[in-house]
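What follows is a set of notes on a single structure, which appears directly below.
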Amino acid sequence: MSQPFTVSMQVRDYELDMQGIVNNSVYQNYLEHARHEYLKSIGLDFADFARRGINLVVFRAELDYKASLTSGDTFTISVRMVRESRLKFAFLQDIVRSSDNKAIMSAKIIGTALAANGRPEIPPELDLLLD
Amino acid sequence: MSQPFTVSMQVRDYELDMQGIVNNSVYQNYLEHARHEYLKSIGLDFADFARRGINLVVFRAELDYKASLTSGDTFTISVRMVRESRLKFAFLQDIVRSSDNKAIMSAKIIGTALAANGRPEIPPELDLLLD
Amino acid sequence: MSQPFTVSMQVRDYELDMQGIVNNSVYQNYLEHARHEYLKSIGLDFADFARRGINLVVFRAELDYKASLTSGDTFTISVRMVRESRLKFAFLQDIVRSSDNKAIMSAKIIGTALAANGRPEIPPELDLLLD
Amino acid sequence: MSQPFTVSMQVRDYELDMQGIVNNSVYQNYLEHARHEYLKSIGLDFADFARRGINLVVFRAELDYKASLTSGDTFTISVRMVRESRLKFAFLQDIVRSSDNKAIMSAKIIGTALAANGRPEIPPELDLLLD
């Protein structure tokens, strides 16, 4: 097995909620950003797909929140992409706090690609990577 | 069974992403807002809990994205709260587009309450509602 | 003078920051939503313009923060559109808390429309309204 | 004159709106993050102030949008803090795209500090820096 792709990020204060911790919904932003960076690292550009009418879409997200991030925290997000079925792929993602390697979140994000006609259709350049 | 609690909302254009649809992470904002409104409707105030040092936290979210909302769409979110275990509760939530009753998302959000010492502890007024 | 257009809104808890008040940047979301609702009320649809390659863009925002909104607050946003110059228009917007009519924010948002070629060009249906 | 403080950032795709460009309100997030990083660099922590009941608040923002950022863009934000009056300070901030040094935004953000009693009161450690 190869090393998973990772992105390093830092909490920004506007991402904190009234509890003083990163709001739940913000983690999906982090996870999405890491997936897009991962795709770019293998030569696939989400924005470029969108402009070509191919929409990569999520249809299930399983998010396990294990601990909270707060102001100033830095963290890494790992990304592994696996085939889930013929027309589905999944991203396995973990968020780990840098200071102490504490597990913050595990996520499984299942997606597909929709062609301009709305039908699921994995573009060949993505399909190739899923074997 | 009683009717589930529902909240009506409308998509705002700043919630759309470059695909012209509501961004995935925004649904968690919608769901959270509906849960807080539900809690208020039964006399529990999330913000008030937070000020008292009791943090209601999510530790697992299962989100099934079935269709997308876009500019101008109105929708309802239903909320049912059930006991998941002694120290856990779950919210079952569905988002339905108003114009055609299309199912947009189903979600199961599992949470607990953390006391000021960080330990899970369901406040009595919430515990009572979970039987 | 005609009555200004107004939209009623309610603070959602995810919009609060660690100070327990609505985060500064969220007001721009509120203001934008109110502008788009205003435009719709006079038959102009921002999303529709975007799809036609006409981008309504802001190029200056002057925001006066007078007081803060917090959890549960309801408020209204008024919108008046005026011509600023031949190729510029301005929105004058005020946010007022409903419970006590307290002024929360005054804003002047100056914009133009960019045609597909990137040049400022006010679409005729908008231009007509600015006299 | 000393060099202004700068922070480097990168657009994340979830920050794009349906026009495919960074949404207006997101720039305020960028600017706030840069201000907080600047304050930290001189030994002042916004989150720490908030916990001590001293709220640094913005009461006027003047934002000049000059060009748009889009997917993949990297940029720097500069921050200079100056005294505006006895109880007010201002941040002068510029956003510049890294690839071509294009000016994206200039901002003047005027703020003060509110003590727990809601009165403006610049904490001494901040006041010292404003001479």
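To keep things simple, chains are lettered A, B, C and D as they appear, and every chain counts its residues starting from 1.
The rule we apply is simple: a contact is a pair of C-beta atoms (placed from the backbone, for glycine too) under 8 Å apart; a residue touches a chain by one contact, two chains touch by 3 or more.
Because the structure is a prediction, the values reported are computed rather than measured.
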Centroid comparison with chain D (C-alpha atoms), farthest chain: B
Result of counting contacting C-beta pairs for A-D and A-C, higher pair: A-D
Between chain B and chain A, distance of the C-alpha-averaged centres to the nearest whole Å: 22
CA centroid of chain A to CA centroid of chain C, Å: 32
Averaged-CA centre spacing for the pair chain D and chain A, given as whole angstrom: 28
Residue list for chain A, restricted to those that touch at least two other chains: 13-14, 16, 18, 20, 25, 29, 32, 47, 50, 71
Residues of chain D touching chain C in the complex: 18-19, 24-26, 28-29, 32, 47, 50, 55, 57-66, 68
Chain D - residues contacting chain A, complex: 12-14, 16, 20, 29, 32-33, 36, 40, 45-47, 50-51, 70-72
Chain B residues within the chain D interface of the complex: 13-14, 16-18, 20, 23, 25, 71
